[in-house]
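In what follows, subunit A forms one complex with subunit B and a second complex with subunit C.
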Partner chain A sequence: MAGDHVVIIGNGPAANEAAMTLRERAPEFRVTIVGREHVRQYKPHLLPALVAGKITEEDLFVRSIAFYQHAGIKLRLGQEVVDVDFDTRRIILAHKEVLRFDGLIIATGGKPRIPEPLLVFQDVMMTLKTLTDARSWIDKLARVDCVLIVGGDLTSVAFAKTLVSLGKTVKFMVDEHGFWPLHLGDETRQEVARRLASGGMELVPCRKLRGLARLSADEIRVETDCGRYTVGAVGAFFGLVPDVRFLVRSGLYIEKGVIVDENLMTRYDGVYAAGDCAQVYHPTLRDYWVSIGYRNAENLGRIAALNLIGGKVRAETAPESIFHVDGVDIPTSWWAEI
Partner chain B sequence: MRETSTYLYQNMNNEREAIRDVVYSTDPADFSYMAVNVPCQAACPAWTNVPAYIRCLYESRFDRSYEINRIVNVLPGVLGRICSRPCEDKCRHGERELGQPVNICHIKRAASDFKERGHVYLEQLFAPLGKSVCVVGAGPAGLAAAHDLAVVGFEVELIEALDTPGGMLSSGIPEFRLPRDVLKAEIDGILRLGVTLRTGVSVGTDVSVDELLTSHKAVLLAAGCYTARQLEVPGEDLPGVLSGLRFVMDVNSGRAPMLGKRVLVLGAGFTAFDCARLALRLGADDVAICIRGTEEDLRVTQDEIHEAKREGVHIRALMVSTRIVGQNRVEGIEFLRTRLEGTRSDGRRKAVPVEGSDFCVPTDTVIVAVGQGPEPIPAPGEKDRRNVLKGDPVTFRTSAPNLYVAGDFMTGPTTVIESIASGRRAAERIAEDLTGRKFREWAVRVQDTSVTDREREWDFIPRHEMPTVLPAIERFQPPQPEVEGGYTPEMAHEEAKRCYLCYLHYEIDIEACIYCRYCIDVAPRDCIKLVKEVVLDESGGVKRLVETTAWEEVNAVVIDNERCIRCGACLRVCPVDCISVSKMELVQRTLEAGRD
Partner chain C sequence: MGRVDVTMEVCGMAGDGTIAAGGLLNEAMSAGGFSVLGFDSYPAEIRGFGRCVTRSRVGTERILALVDKTNVLISLDDVQSHSRVPYLAWDAAVFFDSNPPVYVEEEMSLAARVEPGATLFAFPMADLAAAAAGTMRGRNLTALGGFAAAFSVPRDLFIEVIAKKFKAKGSRVLDANIKSFDAGYAYGLEHFSDRLRDTLKPPPGIKTGPEKVMLSGNLAIGRGALDAGLKLYFGYPITPATPIMEYLAARLPEKGGRVVQMEDEISSVGAVLGGFYAGARSMTATSGPGFALMTELITHGVMAEIPAVILNAQRGGPSTGLPTKTEQSDLHAAVFGGPGDSPRIVIAPTDVEECYRHTVMSFQLAEKYQTPVIVLTDFYLDNRVENLPMPQATESEIADANEYPDESVRGAYKRYLMTDSGISPRSIPGTEGFTFSATGLEHVEKGTPNYTEDNHMSMTEKRHRKIAGALEDLPAPVEYSRGGPLDVGVIGWGSTFGAILEAVNIANERGLNVGALKITSIFPFHGGVIRAFMNRCSEVLIPELNYEGQLANLIDHLHHKDVVRLSRATGVPISPSLILKEIETLALAGA
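Showing the complex of A and B:
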């Protein structure tokens, strides 16, 4: 309806594609993007290149601020949504402001996953999901020479290579939580380890991270089931989980992400979820599926927007994919444990 | 309905400060007000006066804070650790845009931790009545009933089938959640009222209910629920499939069974979580709790979920077991995936199986913790289809004279605080039935008070989380410690500051109000309203405010106490002092003989 206000929570590829689709197909709607970060949309997969100094921050950004102004898309950046009231169709922001909406697309994406047993060390570990994270790494790497990478996910391998290219000593520990949600067999694990080692990384042959203690600003003591190490920084790379914690009391169906139907609609009319924060039942996997990746997110954002304005587009559940770990192909289906 | 008495108001330095009028009301409108406006107390099955004990703790009056708890919920040290915390779900501080609920339960524990040894009990004891009552079962309901019956003057014999009192508290909860010295101290507090405890006596085997009815004026059966519910799927009898309740009881009694490395726990309540966490302590590597719904549907606190995950417990959601498989012992469980769909009659969400979604999860041990029921006790009176004695939920009477039932034995499994409330109410009915008089009554105590000394910035104090043993791996080293360490006094004080003190009632005197609207300007949320009509409910309480934006329709400026966060800003800004504050508390007061 003309003048209806569509709010999009999130500022990643799904959110922006949804906004662009709405602007194109339903120009009469008011469209607002609410993003937690203070910057406009950027390409997170280029963050390792930024840390390596191969590109500048400006190279990360997808569109200019002027573009949004011209398109009539309101950007609310640096604002965090803490709750949504679907009865009154209100969004509550952390600074206590209340936003009303007629239509809503939740596209908050994922956030770095830290396994619960390791959460106690969260303050000592660094992640690489946001531009702020990348800036922290750039600052840190100017002062330290040795980095421990714990876990193992798509980003970890690219980032570890970046560190090697910068001349840093990289210790890589595929602990018990590594390459989640996969359970790597011994053979695959050994092959992954061999490939990583050939890339200039030093494999730490341990399964349990028992403790992290900050000895000084740039010195961390690492305690494992097979010894102690001292490193300058610890990077945590355990994959991503949907960033929907703020919605748990809202009434939405939430397992890991927001559970939606094949049209990406939640249980509430006019409320959709798209991208890395949405879960759809996958009949082949017999499990709930979260699509990951930039292009998937854009596609789902577009579908959510089309359906919000009356379409009936199905989000095709992605086929089982291949997870490439530096030359080793590991068949995976994200949430499905094999 | 309202009567006035004087009350010596004492400040925190114990000096007499003023004499103020106190009104006790049994007007239904006042009860209705309390139910809506002090949501924490209304949510507590035992009606614990939460704002009062939090305020006392803020004033460092730990003894008093503990006693305000104890006189209604009997076991504050225990509940401060393992209560299901329905009060926190309703805490106004947890409303949208107001942040997170106050950690009420942790404050309760702090009162228990920091009270003086040998502090003074609050309840007023009645003279001996020369009549005896037998309470069967020394769990939460039985202990609460025994306590209350002893307070009003009965000789009480408390019979327990197990070797130690406490019921599920001692046998069904691991020590890492509830240290036994805490439990023992509070049970001793009940026994010191003259209650005679006999342990290791099984009613129906060692002594019959008929014999007890002969030797006592009344018998209350509060024997709890000790019969584990079956999963009712094929393969449940395979070796390696354990009953959750039995498993916890065996571990607690030092007879822990052997477990495999991979353990799947089926269930969504505290017992399931206790089983999973105990399994890790017994050496299991990979422990998962499998549930039909999602984490939101779990019947445990958020803290419990958080701590279990920290220890390494996985929660696998949206799945329902259909078969346990294995050749000579369990090898796995077959599941169907579920999807959420609407709500059940009890208000909980419905999870329905997805057709064709079957899958199998391999495991070495299965622990089934899907609930339990009462064990039949041979007794006169009408039984249900499982041959368990039936009782009236209001009078607690059975169809047999002088035989009563209470707690989980009557209702099926509930929470500890619900069992305590049930035991207390049963005791009240027994006392009335045996004497024809009321000893105590619930009333709304109203007292003028001064403006809140809370500061607005206290509303933004972050919730203080409970300190726990970290990293979690240290919890598994013997001797396995209590996981929650308790607040320091400073932390408890800071957390207590977060409480809005909803027992404060703000009211505008319309006769004196000059409609300047300053109060509306300073209100932190829409808690002061221009109304044209106040709609009352059947009890005379406020049902609804009909607001208006048309100035000519305004008949009153009204403080909506349901929205009010008791910041006091309105009172401070009012130029004509037309806003008053009173303290309204739901209390149980002692009645003198001959009054009702």
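Showing the complex of A and C:
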């Protein structure tokens, strides 16, 4: 209805594509994006290049703030949703503001996954999911020369290369949780390891990280199943998991992500989820799946918006693609079982 | 760190500690070595409701004026702060309480109104203050703590100024305030991951030169009067002049003087004339409505040739007008107000240091020229604070400037002796053989009334001759330019001049050929100097805070073509950007 307020929680590719679709198809709606980070949408895959100093922060951004202003999309950045009441259709923000909605798209994306056995070391490890993370890396790398990369995911290889290009010593440990959610066979794993080693990284031949101890602000002792090391920083790269913790008591069905049907609708009318945070029912597979990747997120954001305004578009799996890890081709559907 | 230029605001409801927080912020920044210019805006009504805002501009270069856009907003009351949102820079930092007493709807939320480029620092100010100090009253300090952490302002800078402010209230109050500050500071260090690193960390070597103090225009006036040897202050409270009386009430008795609150402004100026008549340096301070009441007695001072120092702290008018807003609309009243041809001296400082120096100067001018001297300030200048080395007056600047009669004329003394300069030696009443006849009636040299045509003409000429001669002791206009022909010349007076100079500096940096002329002697004025400047300018622009263009009215006849008036009656200080825009338009049109 004219004047209806659609709130989009999240500010990544799914959220922004949803907003643009709404603006295009339903210009009479009031559209608000609520994002936890202080900055407008950016391309996370360019964060390693930012850390390397090859690009500026401005190069990361997808659109200018003026674009949103002209488009009539209210951007509320640096603001965190802590609860949603679906019965009264109210969102509660961390600063005790009540934001009312008529339609809602949850597109909070993913957050860095830390495997449960390693959660105890969470405070010692650094991630590279956000611009803030990148700024922290830039600060850190000004002071340290040796970095241990643990895990391995879509970002880690590019980042490790960045570190090498900056003249840093890089130790790469493809541990037992590495390259989740992809399942690498031993042969593929060895090939990936060989390529990484030829790229100037020192491959740590271990599978288990047993301990991390901060000796000083820029010195960390690493214990593995095959030896001890001292490094300046430890980067944890284990992929992403849906970032939906704030919804666990909201009444939504949540398993790993927000459970939605093939049209991306939740159990509540007018409430949709899209992107990395959505756990989508696949009628052919008769199971729930989570998508990964920027393009998939955009696609789901668009579908959620179309369905919110009365469409009946099904979320389809993206065509199979190839995941390149430093020259090694790994076929994947870009959909992963979680 | 490069050049720093940051404008900050604290906004809250009256009673929130807004003004106190803004004051501490200014003091801390000053202690860090930055140049500071601050200005408070508060409601006309007494405590309990209404919006309070402190604005401070802080920088590594000398700050000349306030600017349009605010880089940092510290909100102590989000509803009040709504009005400040339009003034925020697109990338402003906004500090506000994340845990208000009740949930707020979107329409009432500050966070909902800010532009997306802003960085929000939401934190539980009141809760932190209550937990740290047992009371939420210190949440203004907690807010400052969060700000300090976010901007990397050293904690010690704030602790030092908090101690200075609260130590007189006892250790319990001081401790509570420090704890409140520390609670916000610790929270900020821990949680503000996007903090604006080093933005306001004083760069090494910034603290050079003499120690600076924070002075408001009003305080500088009070201090200047004290240093000049003021003996008697008579006044009636009125915004924005009251702080002068408050300051002198505390300090003047220590120096053997007296402050007397009179029943109204008429009696105040009458008492000032009486004080000076008796030989004691005396003054009063008022604002437009009070000044209007004084005008008849001011002209009595002109006619009887009795010194007086009258400070008119202008505010928005006419009548009661806008008591807590600024305006420069009493120039006509100061120069021409009152019955008859009644020339008097009118001077107008342009910054806080000049508030001191012009106040000091006014006493000698009043004594030497035996006339009321009107010092014109305005709400913005009176209430703005600047950090500067404490001004000092020299012995010669405060020396007795009276011209006493020669002993040889004892018994034949003529109080209104006709002289070339128009200055007649002035006796102290009660001195035998030197009868001082003070009358508002036209008079002859001895002082006895006389209404003949020739006498009135010659006595009127004498009084005008005397005031015209004061030019030699009045500060000449000061030019700021590269010299030679100018595309645009900007002439200014009073509090507006800082904004003019900043606009002119920027215009020149942008490749224009622009100059500024500062006029502090409003009447009499240096017509030759002003005319020479105007004649070198293709266009002359006069920005001022009144509707009628009152300075322009006074001097535009000096120019061969109409001056361009930028007259603003908005109640708020004029911004450099507005003047710059006008300069650029004029320069472009003339190119």
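Convention: the second predicted complex is superposed on the first by the 317 of 338 C-alpha atoms of A that agree within 3 Å, B and C clash if a C-alpha of one lies under 4 Å from a C-alpha of the other, contacts with A are read in each partner's own complex, and residues count from 1 in each chain.
We take it that a residue touches a chain if its C-beta (ideal position, glycine included) is under 8 Å from a C-beta of that chain, and two chains touch if they have at least 3 such contacts.
Because the structure is a prediction, the values reported are computed rather than measured.
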Report task. With the two complexes superposed on chain A, say which partner A:Ile92 touches: subunit B (first), subunit C (second), both, or neither. Result -> both
Query raised in the report: Which holds for A:Arg210: it touches subunit B only (first), subunit C only (second), both, or neither?
Result: first
Report task. May I ask you to decide whether A:Tyr281 touches subunit B, subunit C, both, or neither, giving the answer as first, second, both or neither? Result -> first
**Report entry** Partner chain in contact with A:Arg245 - subunit B first, subunit C second, else both or neither
**Finding:** neither
Query raised in the report: Which partner does A:Lys54 contact after superposing on A: first (subunit B), second (subunit C), both, neither?
Result: neither
Requested in this report: Using the touch definition from the top, say if A:Glu255 reaches subunit B (first), subunit C (second), both or neither.
Outcome: first
Query raised in the report: Regarding the shared-chain residue A:Arg76, is it in contact with subunit B (first), subunit C (second), both, or neither?
Result: second
Requested in this report: Pick out the shared contact residues on subunit A: the ones touching subunit B in one complex and subunit C in the other.
Outcome: 92, 96, 98
Query raised in the report: Where on subunit A is subunit C touching in the complex?
Result: 38, 40, 65, 68-69, 75-79, 92-100, 132, 136
**Report entry** subunit B residues within the subunit A interface of the complex
**Finding:** 96-97, 294-296, 306, 309-312, 317-318, 337, 339-340, 354, 356-359, 470-473
Report summary line: Note: in the complex, subunit C contacts subunit A through residues 90, 96-100, 102-106, 109, 111-112, 115-120, 122, 193-194
Requested in this report: Would you pull the subunit A residues touching subunit B in the complex into a rising list?
Outcome: 82-83, 85, 92, 96, 98, 116-117, 119-121, 210-211, 248, 253-255, 259, 267, 281, 283, 286-288
